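In the part that follows, the structures are each spelled out as structure tokens.
Below are two complexes that have subunit A in common, paired first with subunit B and then with subunit C.
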Partner chain A sequence: MNTLYLEIAVVVLGIILLMVESYSASANKARLAWIGAIGLFGVLLLSFIPQHAPAPGSPAAAFITSDLLSVFFVRLILAATIVFLLTVPSFFPALRISLPAEREGGGLGEFAILPIFVCAGLMWMVSAVDFIMIFVSLELATITLYILATYLRQNTASLESGTKFLILGALSTGFIVYGISWLFGTTGTTNLLALPSAIAALPEAAVTPLLFGIGMILVALSFKISAFPFQFWVPDVYQGAPTPVTSYLSVASKAAGFVVLIRLLGALWAIPAVSHQIHAVITLLAALTLIFGNFAAIPQTNMKRLLGYSSVAHAGYLLMAVASLSSKMAVPAIGFYFAGYLAMTMLSFVVLQVVSEATGGDEISRFNGLGRRSPLLAGAMLLAAASLAGIPFTAGFIGKLLVFEVALKQGHYGLVALGCVTVAAGFYYYFKVIRAMYWQQPAEETSIAVPGALRFLIAVLGAAIIAFGVYPAPILAALR
Partner chain B sequence: MEHSLDPYASLLIHIVSGVGFALTTWVGSLLLGRVGRATGVKNVPYECGMLPEPGPQPRFSVKFYLVAMLFILFDIEIVFLYPWSVVYREYLQQYGVEILGVLATFTAILFAGYLYAIRKGALDWSK
Partner chain C sequence: MNLSTVAWITLLAPLGAAALILLVTRTNRAAASGLAILSALIALVGGWTLFLNHAEGIYQGFNWIDFGKDFSIPFALALDPLSRTMLVVVTTISPLVFIYSLGYMKEEEGFWRFFAGLAIFLFSMLGIVLANNLVMMFIFWELVGVSSYILIGHYYGKPSAADAAKQAFLVNRIGDFGFMLGILLFWVATGTFDFSGVNDSAELFKAHPTLLAVSCVLIFCGTVGKSAQFPLHVWLPNSMEGPTPVSSLLHAATMVAAGVYLLARIFPILSASPDACEIVAWTGAITALGAGILATQQDDIKGILAYSTISQLGYMVTGAGLAISAALPMFHLFTHAFFKCLLFLTAGSVILGMHHEQNIWEMGGLRKKMPVTFLTYLCGMLALSGCFFFSGHYSKDLIMACAWEHHRGIFWVVVIAAALTPFYMTRQALVVFFGKPRSEHAEHAHESPLVMIVPLILLAIPAVCAGYAPVEHYFFHSVGSLTEPEVPHFVELVFGAAFVIGILAAFVIYRGAPAKDPIRIPAFHNRFYIDDFYFWIVRVIQGGFAKLCSFIDRWFIDGILVRGSATVVWTIGFALRFLQVGNIQAYALFFAAGVVGLLYLLLTIH
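Up next, the complex of A and B:
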């Protein structure tokens, strides 16, 4: 078994659901989301069968691998997609308003099926060891995400979000293809495994064009992981996209971008000719992303924009670990950070989805008095915000601790000092939400009903935040 | 290194002559063409002496956009089948069955898309 079969299973599931959606007479589109979630859960279980990389020399081995990193992130992406699919049926009322449909339920089914194809694309992306494969899977995922971001067609914010995402996504695609062509032009290979030896054999004069190519690829990846100065699409796209899509964008798509970054840098880290410059660039990116993400989040009044800037800030902490990639603990730290990040970010988006459905808006003021209107939602948001800020006994705390520890051991004292300042800034803006929920007067006193599937998700994600925060060993063991 | 750039010399000549031709005609028309007075009537496209009707950018049905997109999906992707049989001839000896499987999968995925397009009425002209 290698991860290729998991990805094929996901694609087959998506195609079957697409056929069922178009040829069955049933107007019950929620069923598709449940079947999709159950199917992906089956694939997630299959991933626990020991995975071996494809046999060396076989055609598959030139494109994908099944190492610890890829298996871990395949599971993470599957989990994120399952969460997405479970939130879809309760998002249908909001979809119906902004979706012109000729038939009853038209266009709803695809909202539950497209994420499955994104999932397959991202799974391939985290398993890929060849730039051609990385590029194709990246496109499968992002083109599908463009559709999902624009899904609320009669809502101008969603259209704006999709258009910006499409244009800037196309720009970053241009950067990555251009970078790959320079990389191929200088080294003669697109394979990441063959890259180190190909670079070692290069003459001195070829290093500059090589660095140019790597720089272009780094720009494109910075778009994907929303690192400063390529983060400007994040707040607008996050604000306009449907809430489940925003949540998915900030977790799964970013995770896949980070895995590609880790693989690329892992191939280049040991090469003295290029590692010095790349190291400096990543350190600078980490510092700028930390500063920008955290300080730009402070004045935000819209919850989705706040979470958008928060996702930029978390990219900064993750880049801190990427800058310390020579440490053996860096990759486990990133993996753990993402596991916690998935739970806390998706939990806050689930709460946001219910609150904006009930109150009709995404502003932080809509959370006013949530503690009285729905103790469950307020408690879940409290837990998520505490974890995002990094309070002890939550996954966010352990994640930040691991990242800081790795960075300290690699001598990034400046980054760690900066990280401490930005964590303090983080406390301020996450606690703004908590203050609104518990210390502000609600606009109305009616209680907010939470659909069953979302109540289940809140319980699971909340439990995960605390479980990872108290007992992080199993996750770290999965990557060591 | 010098020799490796030789194939690109013709490309360079192509670019230079292309840009040069455009520039020459443009500058030439600017220098020589400004004889007499320009009037609104003179700027109208020549249509056998009649006023052109309708305007130069007619509105057309948005259906064409869907057809164009489906054309790209089905026609252009089928073009990929050709290099598989022509370029990978050595691979065909070794991995013939696997390549056939890949081809069949590719076509099957396209066919699923075709079925979806039919069912959703994308090919229905009367709608």
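Up next, the complex of A and C:
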């Protein structure tokens, strides 16, 4: 099957849902999310039919490819979007409060449909091999995410979050466009596949402008994957955005950013003229991101902010693997890390969503005594936190193990040593949540009701964390 | 259905039953026992199908861990003559014990929990039998440990039972630690976990006999723990706190024999190391003699049998250590499984008839009140004692004859142990079944229900016949050679004399079934004070060390290292937080600084 059909199917699904939305009664908006989730699940199944890239020579072939990397991450993004859509209906009560109520149920439907367009954008982004395509799909996804982040229009925190995201995002967009033009100016191509041979033909004097262009692009990608020092938007935006959006932002959008980074660096990694500088910069970025993400997370008291810093910290571990890109195992390690990261991050956000809905806030203290109030939620959060911290028999442990192993084999001893320190720090702040749940007195004793869809998600994501942690072979095999 | 499917079903049926009981039927008694027995019967049919069809080869499952060529652990089943014979033993005995438990556990609390535990055990035990590599075996090894823990602690409300369960688990951990190190050593040396690969690696070790000996002895540590060899034997007598069917199935017939099975599994490589074999053989011989001595002075009906089990396991381990054939220890394992299982089940029948009185000096004269139990007990007891025409005679004499041939020192040790066996068994038989009732309970003892009697009768058949030459040939001809070595005439006389002397001595001392034990040897009665010695070590040395650690931990590690570094890290985090000013102009400024820094680096590094 031509790989383009998957993205086209997603876009068509989105457009159909938009049309259905205009005619559906306000009480039925939740149905849109279910249909969307089922539709995307259909696309996910379609992705298991053998995919092939557009025929060589066809116009699309210059922009889109289909390889193990793209297929894996297309599935990952579809899965993340499905999780998002399943959490949407139970988020409607919170949405209702913060949306202007001129019309009953107004604005709810779009919240369930916009993610589908983000999904299409991110899917294109992970399959793209040309910077024009990358840029267009990046913008499709990012602009839609701006809207989603500001969705709680009457909530100043959400507005603030969206504005910060918009302004800093625009800044990074400027850098990527500028970088692409420098790249094009020096090499005469925007195509990643043609890039190595184009660079090889360059005179030595052209290396500096080339590196300048690459640097600009790296800035924008670092913003996307929240690497230090371009991560400052993360805690603020994560805290203000609606919880399902935060969850999605930290998984799908970051995954697509990493894929582009892998593709760009994969093209440049072995070119003697630039490789030396790039290796050093990526290693440094990894180290700084690890330090910042983990240490700044320690004093946090707000769960969403904490998960924001945690997302930065995980970007640091992933960058460790990127810095070891010479190893054949680096890309499988990143892929596996993301599969586990999806399960554990989205699981913790699902629990957070339920808890903040029930208690009215995102602070860690809202989790106090959750073990007594709702053993299911507390158990799920325990599992997610254990996996985020990297305890054996969870996906997070195997992910970190693979990343560390890859880094060790490439001789990044300093990074691994630093990684060990930051993992220890990670235990501290993830276990704060566990301590609150099991060792603190609850503010009230009433149990917390969990909607059916979320209960399903908790079961599936929790099972995935354990399954990946005990039997990692299938996921690894998918990228080898 | 091909044999591969049969093998997988055989392994997974008990797991399915356990899962159904624990997750679905829960406290429903009929469903729990029904499911467990059904799964045991499926395993029975599967096990025999595999045996009769001579299932052979590796049945691939899936790659559990796969990090490329260097390190991968497949999950696969190995069918060969050895595992087939063991499979028959496990699957034949299990359903009988399961059915027997219906009667024995009828009045007990946690009936359903008990059957779930049995099913988990059966699954784990079959896993040990069918495992094709050391890691898989280790996993199932630990799983039988867990199921043993659960089942010994069945009456967890009783402190002695809870302690016994804990002790069994912890003592086994000591042995398993060595086992794990052994697995790792073999892996380092040979690069594989597969039994076939490990067993074929004798060439590799040619230049490193010490490494081989150390690796084998470390693996043997697993046997020492699981098969209760000296000095880790202490847990087995205490494990008798569990319900009697558990003692019978786990702590006599199958689980404790897993250690011997392990030795048979690695037999080709073990026999390549004479040093390791010497250690194994002596450990077995010392255990056989020591436990035999202790058995003579126990008062608990199950306690006697427990020490006797240790002693017999010692014979099997000796048999493995003689390095003649894997079939030698396996043959004794085979016969012992049936008659010892039978003995425990008759003991259970007695205990039930006696309203849970276990002291043999409260019994007496039960012969007439429990005739079937008595007759079946007699079959088991004679088989264990090594009486002519009973199964134990053939397998035990074979080990002793081989010992004469290969190792005179060990021969004399095990012969003395062989005289002790009929002695303590006759003592038990005379005190329990003959003479006058010594208590109220014994007066009113009654025969057990049919559901318990039938398994006894069914088990009595193999207890008598399992040693005959055709049976031996049928089950062992492909496992390894079992030809009896030529021994001088007087050696055969020694065997006979050992048996006769043992019985006669017991008759002389316990004739007329006295009311109290006429001999009292405190050292034997108190288990050579080994348990007390261990307790002292734990209390004084380990306790003292723990106090020291606690002091260091509290004042040095917690106080300086942890609090100190935590404060430093927290301060860094706190300081970093000030970068997060929340002001977008500041963020843009940081962003710009980042761009400048990144470009500077990119353009200046050469």
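Assume the second predicted complex is superposed on the first by the 476 of 480 C-alpha atoms of A that agree within 3 Å, B and C clash if a C-alpha of one lies under 4 Å from a C-alpha of the other, contacts with A are read in each partner's own complex, and residues count from 1 in each chain.
As a convention for this text, a contact is a pair of C-beta atoms (placed from the backbone, for glycine too) under 8 Å apart; a residue touches a chain by one contact, two chains touch by 3 or more.
Note that the structure is predicted; figures quoted are calculated from it, not measured.
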Exercise for review: Please work out whether A:F63 is in contact with subunit B alone, subunit C alone, both, or neither, and reply first, second, both or neither.
Suggested key: neither
Review point. Which partner does A:W124 contact after superposing on A: first (subunit B), second (subunit C), both, neither?
Key: neither
Practice item. Name the contact category of A:F91: first (subunit B only), second (subunit C only), both, or neither. Key: neither
Practice item. Check whether A:K164 is in contact with subunit B, with subunit C, with both or with neither, and answer first, second, both or neither. Key: second
Practice item. Tell me which partner A:F349 touches in the superposition: subunit B (first), subunit C (second), both or neither. Key: neither
Study note, to complete from the structure: Of the two partners subunit B and subunit C, more of subunit A gets touched by chain C
Practice item. Tell me which partner A:F336 touches in the superposition: subunit B (first), subunit C (second), both or neither. Key: neither
Exercise for review: Jot down the residues of subunit A that show up as touching in both complexes, subunit B in one and subunit C in the other.
Suggested key: none
Check your understanding: Which residues of subunit B touch subunit A in their complex?
Key -> 91, 95, 98, 109, 112, 115-116, 119-120
Check your understanding: For subunit A, which residues count as touching subunit B in their complex?
Key -> 11, 15, 18-19, 22-23, 59
Revision key, fill the gap. Given the complex, residues on subunit A that touch subunit C span 163-164, 167-168, 171-172, 175, 208, 211-212, 214-216, 218-219, 222-223, 228-230, 232-233, 235-236, 276-278, 280-281, 284-285, 292, 295-299, 425, 428, 471-473, 476-477
**Study point:** Footprint of subunit A on subunit C - complex, ascending
**Key:** 62-66, 566, 569-570, 572-574, 576-577, 579-580, 582, 584, 587-588, 590-591, 593-595, 597-599, 601-603, 605-606
